[in-house]
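What follows is a group of structures, each given as structure tokens.
What follows is a pair of complexes built around subunit A, which joins subunit B in one and subunit C in the other.
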Partner chain A sequence: MGMRKVAIVGAGITKFVRRAQETGPELAYQASKMALDSCGLKLKDIEMITLGTAPDAFDGVHMKGEYLLGGAGGNKKPYIRNFVGGGTGVFAPIHGWMHVASGMCDLCMVVCEEKMSSCHPHPQGAFLTIFDHTTEQPIKPTLIWIFALEMKRYMETYGLKPEDVARVAVKNKKNALDHPSAQVAEELTVEDIVNSEVLADPVHRLDISPASDGAAAVILASEHVAKRLTDKPVWIEGVGWNLDTAYWATKDLYYPRYVEKAARMAYDMAGIKEPHKEIQVAEPYDPFDYKELHHMEGLLLCERGEAARLTAEGYTARDGNLPICPSGGALGVGNPIAATGLMKVIEIFLQLRGEAGKRQVPGNPRVGLAQAWGDLMQVGTVIVLKR
Partner chain B sequence: MYKEKLEKNIECGSFPGQIPVNYVYTLGIAGDEFFRTIRDKGYFIASKCSCGKKYIPAQMYCDECFGECKEYVKVGTEGELYSYTECYYDYRGNKYDEPHLLGLVKFRDCEGGIIHRLKINKDEIRIGMKVEAVFKPQKQRTGSVEDILYFKKK
Partner chain C sequence: MNNRVGIIGIGCTGFKPVSPDVSYRELIFEAAQKAYTEAGLHPKEIDSFISATEDFIEGYSIADEYVPDQLGAVMKSVHTVTADFLQALGVGYMMVKTGQFKTIAIEGHSKVSNIETLDEVMAFALDPIYIRPLKENADFIAGLEMRRFLERTGNTEEQCASVVVKNRKNALNNPYAGYGAIFNESDVLNSEPISLPLKQLDKAQTSDGAVVCVIAEESTAKSLCKNPVWIDGIMWYSDNANVWSRCMSEANYIKLAAKKAYEMAGIKNPVKDTQFAEVCDEYSFKELQHLEALGIARRGEAGFLTANGFTALDGVYPVNPSGGSLGVGHTFEASGGMKVFEAVMQLRGEAGKRQVKNARRGIVQIYRGVPTSTGAVAVLSNE
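Entry: the complex of A and B
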């Protein structure tokens, strides 16, 4: 396609917490500085910057991209914000990839930030106005209601019980015990999950990731610069994104076709023919436990309706055949929306470099995938990494 | 006065709405230092980077070299009027009884500045004049920009 190779050469990530003392720009600064330091670069080396952050209404700052500019190192640089709701965290490095792959620059920093704790009494209030203002808002839905409709339809389609889904939460919260940024890492049982309070049947409190504050950043480099900077570049081999209608009543709730379309776009570019065999470690977006299963199927990592069984068999455990969310995911590490997606990209970057520490999956993986999802249950963003 | 005119006189259905949230913003690492000093000591501090740049209000990072500003230095209460304006309407479009005098105050050797109310006679005001912050009495100060009442002529 006439595009240049692009590598990730550095990464930084703050702690994910319920409420950070830091302002949004300060969080962005901490992650950016860590990413630069990790590969021995200074801000003056960075030619362009792309920033990902979810709705302005979370931080309570209009033009949040501009607000975060200084902390993300964007002063007096070609800087731009990108946004696809919850899918932003994986779209942001795709956007950065465009900057480098196109030949516009050799070094691009990608920064993602979210500070959801500013929003009171709860970020659900900000979510209310994502729904259609005349047909849906008057009923005052929360996102949890909508997830509950999708989760129930998914469980009904494949005959799943709450326990089948809860195993994902148990796995991810336990994986997160080894992640230094983790907010809600814990060793729990399936019973703990299914006995936690029901928020909107079948969604229990412990089926859900928390609201969080946090930031993450990566440095992208063109091939010749990447090879100068590191012996272990991790290449962005495939990118894909796809959006379905915002009127979610018109789509199949049991299966995310738009995620499949995004995945196929990325797989075609990366030359991946059999993703269930070729992808060796994956970080699908898991804001709710059933979403990990839903996304494994949409990403063609298993047959439809099979993900829960594979999880029960340990196939997706850190030492399983296909480790899924070895970081601990949104369910364990926390969910500062845009920063979560980029945290997942960073996890694959570290896993492929063999630098994931206690979280390292066995078998020296060469190919991995990260995915985020969001907007009004309508976007899939996918990135395939190889070493 | 501007008056809105509809192109056609039609019955137009509508549904009222609002985003039902309010916000509690943290001051941040540098902001806590800056506003705590105003509250407790009644003067301004700047954050200082190892490259020498100073920032007011204090900020955590240096715009110049992207280093972390770990040092805080006293600036005091005096600055220089960089620009000013007389404002006649508030943000809802209501006219003030008395126009508001607003200024941007810069501080010696510091990046940035503070935007605040001025209490200066109109015949005395000029760009470049020395001004001084007037704070609320210490017991009334809460650690916010509203602890500054206004800037006056020095």
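Entry: the complex of A and C
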């Protein structure tokens, strides 16, 4: 029994901004419309819809999926919201893949929306309630605080200095100068990063992606429909996701083992044996600069502890051997959480089609991957795309 | 691709108004353990897991963090849908159909007794710009909808009351139900008004509990289980998102979902082709509205049929033999779980005093609750 092949045939992304004037449903509408227009489809052609968006607390709306329904085109359609925290953006197209690969439909739209700015005074506030009510909330941890622990552990394990990590931020923010949706693209130096304000040692302000509003959408099609719609379908060859324990304090944070498991699941499905050789362009999740390094290792794109050195050598630059985050990533384009993950999938889609414009990586890549991460340093979601 | 998908194990904690003795994680653990034991599988052997939760009901942001540990799913592929259990079952069905997954566990739970301000939480589900400033709650909208439904279809308040009488009576035979009681129609009609014509007893009260079920593709199901319950059809649909511009007299979301689910299952006439239905009765009138949308009753006739015993446990076509949400308690995202559990018990012939005779196929239907317009329909069978 052969699996039904699923292709991405169209995509759309709004601008990523700090405070969008549009409501959440309006952002979802914009991205959906762009995606439909990009492949010459109308909403009536779409049979099923899956939506990804991170916590309801950003918008202060209970059942946020139902709230975004109209904007995401879900009226009078089978519509569902999938949710794996920060990993949602890459999981959403995986969810869409299930819709098409199962034979339930031939055309599925995947929409990801995030409007963080509704949360006052700062969206970080929404994260105060992600912690265990008994063991963690009483000590009032924040996300930056726990990621500082992880970053410190990672740096200490491999003897990295702040400068080694900061190079990722420099690279991504510069890459983002060529991205039309970018929010914080900038030419900076390593000194700018390491001299920016310390938020929770060793995390500096410029080590972190911004809070953003934005939306993205892709259209997925079954094989026979995809071939009618486009000459350049990009196939979803492998999908993987994995969730680790919620008790993050019980594990060694230096290595994201759940990302490795998710990657192996996707590689197995895609028939990839040597990811560091076979993957030609990658968009790992980079909400913090150290996370890109952490994830490159978890995705088996390099040896453990090698990612910082490879970055310093330009191996991961847009014209390097393995371009990492050629879009500019969350650090440069912005980080409207679920929409960021899908933006990364769209970047690989465009790179494999040779349509990334000034961001195009050399060498006509045929295989790429996108990855997202989230929850309490807990979930990895991976998608492998092939031309 | 015509491989069937079967339910090979299901575990349920039972439902009660409060559960101060256990945490929600312990509820899930209990249901999971029962389901895995029935399925004869260790969670390590299960390919993927799906949970159905909503952040605001859980009291956590990103509540899917707290899914894997008590489900035995640490370092496994786990995801959440912010949807009803029945929709999660639909996603599981799709995953099996991709051919990449052999066995999947689906989890839904309710620990709603932990919520101190349920009405306020539900008010957060209203559109923040257009509806919330009016300071009306979900019951108010349900009242509007009930009035519109009764007026357009000719069903009556008295007939809605007979839904309550039937379901709470059915629940007396259900050891898992928290609200079994003997009432008569006048008790319901004379209960305190909430938002007329909606009255206190027309509304389901809340319950705590958890359900976990394990599904498998056909050959795995047959090798592991002597009496799998097959998912013959399943689909979910949403109507218009906007409360102010949607049809209130009919449940269009169920009409649409039922059409697809029946098509998948090859059902032409639900009353002839199935033997019972578990439908959403979060409010009494919703059962009537859903029966009409499901094609079990013609428009305007659901109330008459109910009042005359057609849908009673010993009637022609039993509806909500479990007692429904009115009798078992409303369990939010776990509602579909409660209903699937009942359908599996009926189809296995294990429903005890509330057993429907000759049950071979049943319909399970859910609604996501006011103010949403999302629902799902499944057809389950034992043959």
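As a convention for this text, the second predicted complex is superposed on the first by the 385 of 387 C-alpha atoms of A that agree within 3 Å, B and C clash if a C-alpha of one lies under 4 Å from a C-alpha of the other, contacts with A are read in each partner's own complex, and residues count from 1 in each chain.
One rule holds in what follows: contacts are C-beta pairs under 8 Å (C-beta built on N, C-alpha and C of every residue); 3 or more make two chains touch, one makes a residue touch a chain.
Quick caveat: nothing in here was measured; it's all calculated off a predicted structure.
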So, does A:L36 touch the first partner subunit B, the second partner subunit C, both, or neither? first
Is A:Y154 touching the first partner subunit B, the second partner subunit C, both, or neither of them? neither
By residue count, which of the two partners contacts subunit A more extensively, subunit B or subunit C? C
Looking at the overlay, what does A:N82 touch: subunit B (first), subunit C (second), both, or neither? second
Is A:L376 contacted by the first partner subunit B, the second partner subunit C, both or neither? second
Applying the touch criterion given at the start, work out whether A:G60 contacts subunit B, subunit C, both or neither, answering first, second, both or neither. both
Is A:G70 contacted by the first partner subunit B, the second partner subunit C, both or neither? both
Mind working out whether A:T129 is in touch with subunit B, subunit C, both or neither, as first, second, both or neither? both
Scan A:T23 for contacts with subunit B and subunit C and give back first, second, both or neither. both
Just which bits of subunit A does subunit B share with subunit C as contact spots? 23, 25, 57, 60, 70, 75, 126, 129, 133
Touch list for subunit C against partner subunit A, complex: 1, 3, 54-57, 59-62, 64-69, 73-83, 87, 90-91, 93-100, 121-122, 124-125, 127-129, 235-242, 252, 256-257, 260, 368, 371-374
Subunit C touches which residues of subunit A in the complex? 1-4, 23, 25, 54-57, 59-67, 69-70, 74-86, 91, 95, 97-99, 101-104, 126-127, 129-130, 132-133, 240-247, 257-258, 261-262, 265, 269, 374-376, 378-379
Touching residues on subunit B, where the partner in the complex is subunit A: 15, 17, 19-32, 59-61, 63, 65-66, 68
Can you tell me which positions in subunit A touch subunit B when the two form their complex? 19-23, 25-26, 29, 32-33, 36, 42-43, 57, 60, 70-71, 73, 75, 115, 117-121, 123, 125-126, 128-129, 133-134, 137-138
